[in-house]
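So that you can tell them apart, the chains are marked A, B, C, D and E in the order they are listed, and the count of residues begins at 1 in each.
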C-alpha cells in the first residue's frame, strides 16, 4: 500500500532511446554531445516554463491560454530588478551574479503569483469547468495583460543581459555547453523535486483532481476547495513567473509577446506528458528539447513541425499522453 | 424525549427560477436514526442538499447542534461533523478506491493515519472495498460504488450522517450488512438522517420518520407507528398492501 | 474633390501589433520632419498640412481597407506608410485604384519597388537589396569566408540572395536557414561551425534576422575558439544592446544617430533630445525622410496635389534627409541613399553597442538592381 | 425559410429583422468605403461563425482548425485568380471547387483520425494542425505568396473599376458609388443568406438533432444506434465546407489573401468569441454576434480616440484610453462578454421571453 | 430457436476476469432474471452483449448471426436494446426529445439532413405515446436533468421502449423509484412478456420483483454462471442463499 505506484519505465526510456537513435544519424560524437546536452538543458528550461501549466491546465483543468502573460510578466519584472542591481550582474563573480538572480527570481515569482491571485478571482473563477469559456476569457486576460505590460514597460523589447559569469560555454572536449544551460538544469531539477514532493506527499494533488471532477463532493467532505484552487493557481502563476525569468535570460531580451510565443509549445509539452503529471511534463519537455536540436541539425525544415509530429506520435502510442494522471 | 441535533424550520429552497421546498419543518433527534420518506420528486434530495449548504435556503433556518448553519458554506458544515452521501454517490472516478477513502478521512495526511480498526470494520461490511482497494473507483460496479460512497461517510466518526438512498443497487446480503452498520453507528452515538425508498429497510432501522410530499413534510412521527398502520402507509407513500419493496 | 486650403497626408502604419515600437518611431519622425521642413508652420504653398493617422495593425487586409478609407472617405491627397512589408504589398493596388501616391516607409521588401510596383508607389525607406548589398560591400574582402544565417522565409532568402549577388571577392561557404520561430540556435550554430571551422583566413557568420528569437546566442557556443566572427546590419537601439557583447563586430547600417554629419540630422537629433530626452532611432530617421520628401515635392508643385503633377515632380527628385541627400530613382521610384559601414565599440555611457563609422557607402558604391518591369 | 426554428422571443425577432434589413441596405444606409468594408466583413463572419456553430454549438466539438478551412477557401480563390492572366468566372469556380475538395479531404482525415480521442485532445490536435498549416502556407511562398500573401484582380463586373453609372447616387445620407464593389457586396449578401439558411435547415433536420444528442451524451447516442464517428465527421466536413465558402467570399471581397488575413489564430479567437457572445447552438447568435463584434473591432479605435480626448488631463486614463491600446479594451470585451452573456445574447433574450411567459401564466 | 445466445463470453480487465466463459441462450417470450452479488459481472455481461465493451473471448449471437464484430451502434440497430443501471440520459434535452431521438434511431432517420425534424410528425407522435406508457407525459417539456431521480429512471426505461428492440435488457430499472411508481414499470415489462416475440433480460436485486416476473433465473458469481433454472429452484439453491441473500450465520458474525 505504498503511496508510489509502480513506476512505468517505458516513457522514461524514450529520452535515452531518442538520444542514442540520433547518434548514428549525426555521426560526429562531439557534435552529438553538444546537441544532446543543449537539448536536454533546453528541455529543462521548457520544463520550468511549462511546470506552472502542469498545475493549472493538467491538474486544475483550466485551459489557461493566458499563462503566457505570467511568463512575460516574470521576465519584465526581472529586467527591472536586475537593472537595479547592475553592479552585481556585471561583476565577474558567479556568487555575486547568483546573488542578483535570486532576488530577481523571487520578486518575479511574487509579482506573478500576486497577479495570479487577481487573475483567478476576476477571470478564472466564473468559468471553472467550462473549457470553451476558459479559452476565451483567459485569452481576453492575456490580451489585457500584454497591453498592460506595454503600458508599464513600453512596447519595445528590453534587453536582459546574462550576468557576466554565466556567459559563454564550458568545453567538454570538442563539445561546447553553455554555462547558462547548466544553471537551468539545476533550477529545473529543483522545481521538479519540489513539485513531485508536494503532489505526491500531500493530499494537494488528490484534492485538486477530485475537485475538478466533483467540486460539491469535495466541499461536502469538508475541504475548502476554493481556497485550494486559488493557492494552486497562484503557485502555477508564480512558477510561470520563474519560467519567464529563465526564458528571458535565455533569450537575453524580453518582449511583451514572449509569453504568447511559447503558448503552443508548453501546451504540447503538457499533453505529451499526460495531463497533470510532473514527470510526464519533464519527459515531454526533454523530448521536445532533444527533438528540436536533432531535427534542427539534420533537417532544419522539419524542425518546424518536430513538436507537432512528436505530439502526434506520442498520442498514437499513448492516446492520453505518457503518464495520464487524470482521465480527461 | 431526547435532545434535538438538527432542526429545519420553514425552509424554502429555490433552484434557479423554481420553488422546490415550500416550508420544510424537520426535527432530527440526537443519537437516533430518522427516516425521510416520500415519493419521487417530493423534495427529499433537495432537503439534504439544503442542509449540506449545497443549495441555500431562501427562507427559514437550519440549526445544527444549536448553531445556525443556514447560510454557512458547505466545508464549514462538513467541519461541524456532518458527512453526506449524495444520491449520485459523488465518487471521484479518476481516483482509486484508496484515494477516495483517504480524502474522506479528513484528519489523515496519509493512509497510515487512518484508524485501522475502523478500516477493517469497513472491509468486513463491504469486502469489495478491500478487493478493489487500488482500482480506479470509476470502474467499480454500480453496487460497489454505492458501498464506496457509504464507506467514505463512515471512515471517521461524525456527528451526523446524511445519506441519500444508500440501498439502491445493493444485493440483499450487503443491505443486511449496511443495516447492521447503521445500528452500530447509532450505538456509537451517531445521528443519521436517511432518505430511503426501500420501506423494508426503513422499517428495520428507523426510530423516527418524516414523510415529504410536494416540498413539505406532511407527516412525522415514530417509525413503529407508521410501520404498524398500513392505511397510513398507503395514504402517505402510495404503498398498497403487499406491495413490492 | 479637392480639399480647399488643406493638404491631407494619411499616415497608414502598423501602430499596434508586433511592430508597434518601430511604427511609433516612424510617426515621431514624420511629424518632426514635417515640422522641420515647413519651418514650424505646417504650411506649404499656402495650404495647411493635415496628418490623418490610420492604424493598419500589421494586418494586410486592414491596411488595405484603411488606405482605401483614407483616400475615399477622408479624401487624403497622399499617403505614407506602412511598417510591415506584407501590409505594404497589399496596399499597393489600392494606390493604383484611387490614383493617389503611396510613399512607402519603412517597409523593406524588394518587390514593393520590384515586380509588385505601380507608378503611384515611391519609397524613401531602404529596400532589402540596399541592406544586403551595403553589408556585402562592408564585408567583401579577399580571403574572407562567409556563412549566412537567415530566417527561412521569403524575406530571409531574398536578403541572402541579394547579399550573395553583391559579394565579389569573399567566399560564401554556407547558407543556413532556420525557421522564424527558432528559439534554440544550437543546431544551426553547430552546422555553421562545422562548415566554417576548417576554412582558412577570416571567418564570418553574417546574420539577417528580424523578429523573435535571438540568433546572437550562437556566440555563446564559444565561436572564438575557431576564430569565427559575427556580422550583421544595424537595428533599433534596444536590439543593439546585444551588440555590446561583440566589440569589433562589423556590418552596414541604415542609420545610427551618431553617424551622419549634416544639418538635417543635427536638427533632428537636437529636437529629439529636446522632446524625448533620448536620441532618435532607426525608424525616426525614416519617418523624417518621408516628411522631407513630401514637403520638398509639394513645395516644388507649390501645393498642387494633383497626382500626375506630383509623380512628375518626384521622379528623379533629390531631397535632403537626416541621411544626407536622397534621390528617387526614375525607374522604380526607390530612394537611392547612403548606407554606413560600422564597427562596434563598447562605451559604458550607452546601454547598447555603439556603431562607429568605418566608411559611408554612397549610392554610387552600391549597384542596386532595378527589379520592376516598367 | 426559417426551418421551423423561430426566434422564440419578440425582442430577438425584432433585432434579427433590423440587422437583416440593415445589412441588406447597408451600402445606402451607411455610405462610405469604410462602412461598406465593415458590412462586408460582417457578412463573411456571419457565414463563418454559423458554420462554426454547427460544429461547436450543435455537435459540441471544440476545433481550432476552423480558420484553416476558411483560409483554404480564401487561398483557393486567391491562387486561382493570381494564376490566370485575365480574371474570369471560370477561374473563380475552379478555385472554389478545388478549395472545397481540399477541405473535404482534410476535414475527413481530421475527423476520422482524431475525433476518437477526447475532446480536449482533439482541440489541441487541431490547434497544432492549424498552426502547422499556417507555417506551411507561409513556407510555400511560390504558391501562396508566403508571408506577403497574394493580391489579385477579380472579373471586371466585380472590380471597383466597373461602374453602373458615372455619377454616384446621391442619397440624403451621402453619395453611393454604383460600381463593381457594390455588386460584389450583393453577391456576398446573397451567398451568405443562402449559406445561413442552409445551415439553419441542417441543424433543424433529424441529423441536426442527433448532433445535439451526441453533444449531450455521446455514449448514450451510440447505445441508441447512432454511429457517433460518422455523425461527428459529417458535421466536421459540412462545417469545413461552409467555412471554405466563407473564405472564398472573403478573398473575392478583399482581392487579397495572406496567412494573417484568413489563417491566423486571432481570427479563430474572434470566431469563438462571436459564437459565445451571440449564443452557442442558436445560429441566430452568429448574426448578432458578428454584427456586434465586427462593429466593435472596427470602430473601437475611433471611440477610444474620443474617449482619450475627453479624459485628457486626468492622470493614467489617457494612457489607457489611447487608440493604441485598443486591444486592451478588446480583451476587456472578451472578459465581460463571457461574464455577462453566459448563454449569449440570444440565450438571454430567450430566457427573458420564457420568464415573461411564466409570469404571464401566474 | 434462441433469439440471443452467448458462447464462452469472457472479458478481462487487467488481471481481473469480470465475466468468465458465460454460455447461455435466451428465448423470446421469456423473461430471464440475472442475479448475483455486487460486482458479479451482471452489468458487464450486458455491456458485452450490447457492445459497449468488446469481449476478450467468446461470441454473441442474435438470431443465429454472430454479432461479436459489431460495435454498439450496429448492435442497437440490429435489435439489442438496453437501459442503464446508472442513469444515462441527454441531460439538457427535454424529456420528449430524449425519447424522440430513440424513436428516430429506430426509424433510421438520423442521416436525413434536409427534412425538418418536426415535419416527421409520426416520430413525435410515437414519442408521446411512449411517454404516456411510462407516465411521464405531463413532464415532457422539462429538461431531463431537472427530473427527480425516480423520474429519470422512468425515462431511462421509456427510451428503451421507444427503441423497440428484439432483446430488452433492463439493469435494475426500479432502483430508487418510489414504491407507488414501481408498478408502472412492472406492468410495462409484463406487457412486453405478453408480446411473446421479445427476449427480456432483467438484472434486479429486489427478490420479490424477480420472483414475480421471471420465468427463469441465472446466477452470476465472480463472473461465472453458477446456476440456471426455474425461479423457485434457483432461489432455494445454496449459492443464492449464501452468496447473494447472505443467509449464512458465519458471514454475519464476521461483520
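One rule holds in what follows: a contact is a pair of C-beta atoms (placed from the backbone, for glycine too) under 8 Å apart; a residue touches a chain by one contact, two chains touch by 3 or more.
Which protein is which chain? UniProt says A, D = Inner-membrane translocator; B, E = ABC transporter.
The structure presented is a predicted model; accordingly, all values stated were derived computationally and were not measured.
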Label-sorted list of chains bordering both subunit A (Inner-membrane translocator) and subunit D (Inner-membrane translocator) is C
Outermost chain relative to subunit D (Inner-membrane translocator), judged by CA means, is B
Computed over C-alpha atoms, the centroid farthest from that of subunit E (ABC transporter) is that of chain C
Two candidates, D-E and C-D; the one with more touching C-beta pairs is D-E
Here the gap between subunit A (Inner-membrane translocator) and subunit C, centre to centre from mean Cα coordinates and rounded to Å, is 37
Per the C-alpha centroid definition, the whole-Å distance linking subunit C and subunit E (ABC transporter) comes out as 75
Per the C-alpha means, the centres of subunit A (Inner-membrane translocator) and subunit B (ABC transporter) lie apart by a whole-Å value of 45
The positions of subunit B (ABC transporter) in contact with two or more other chains are none
Contacts with two or more other chains occur in subunit C at residues 20, 152, 179, 181
Touching two or more other chains in subunit E (ABC transporter) are residues none
Pairwise, the chains that touch are A-B, A-C, A-D, B-E, C-D, D-E
Counting only contacts in the complex, subunit A (Inner-membrane translocator) reaches subunit C at residues 28, 31, 34-35, 38-39, 42, 150, 154-159, 161, 167-169, 171, 176, 178, 180, 250-253, 255, 257-258, 261, 289, 292-297, 300-301, 303-304
In the complex, the residues of subunit D (Inner-membrane translocator) that touch subunit E (ABC transporter) are 3-4, 201-202, 204-210, 212-213, 216-217, 219-228, 230-231, 234
Counting only contacts in the complex, subunit B (ABC transporter) reaches subunit E (ABC transporter) at residues 15, 18, 38-42, 45, 87, 124-125, 128, 132, 139-144, 146-147, 165, 168-174, 176-177, 180-181, 197, 199, 237-240, 243-245
Seen from subunit D (Inner-membrane translocator), its contact residues with subunit C in the complex are 32-34, 37, 135, 138-139, 141, 146-149, 151, 153, 160-161, 254-256, 258, 260-261, 301, 323-324, 326-327
As the complex stands, subunit E (ABC transporter) meets subunit B (ABC transporter) at residues 13, 36-40, 42-44, 85-86, 146-151, 171-172, 174-183, 186, 205-209, 212, 243-246, 251-252, 254-255
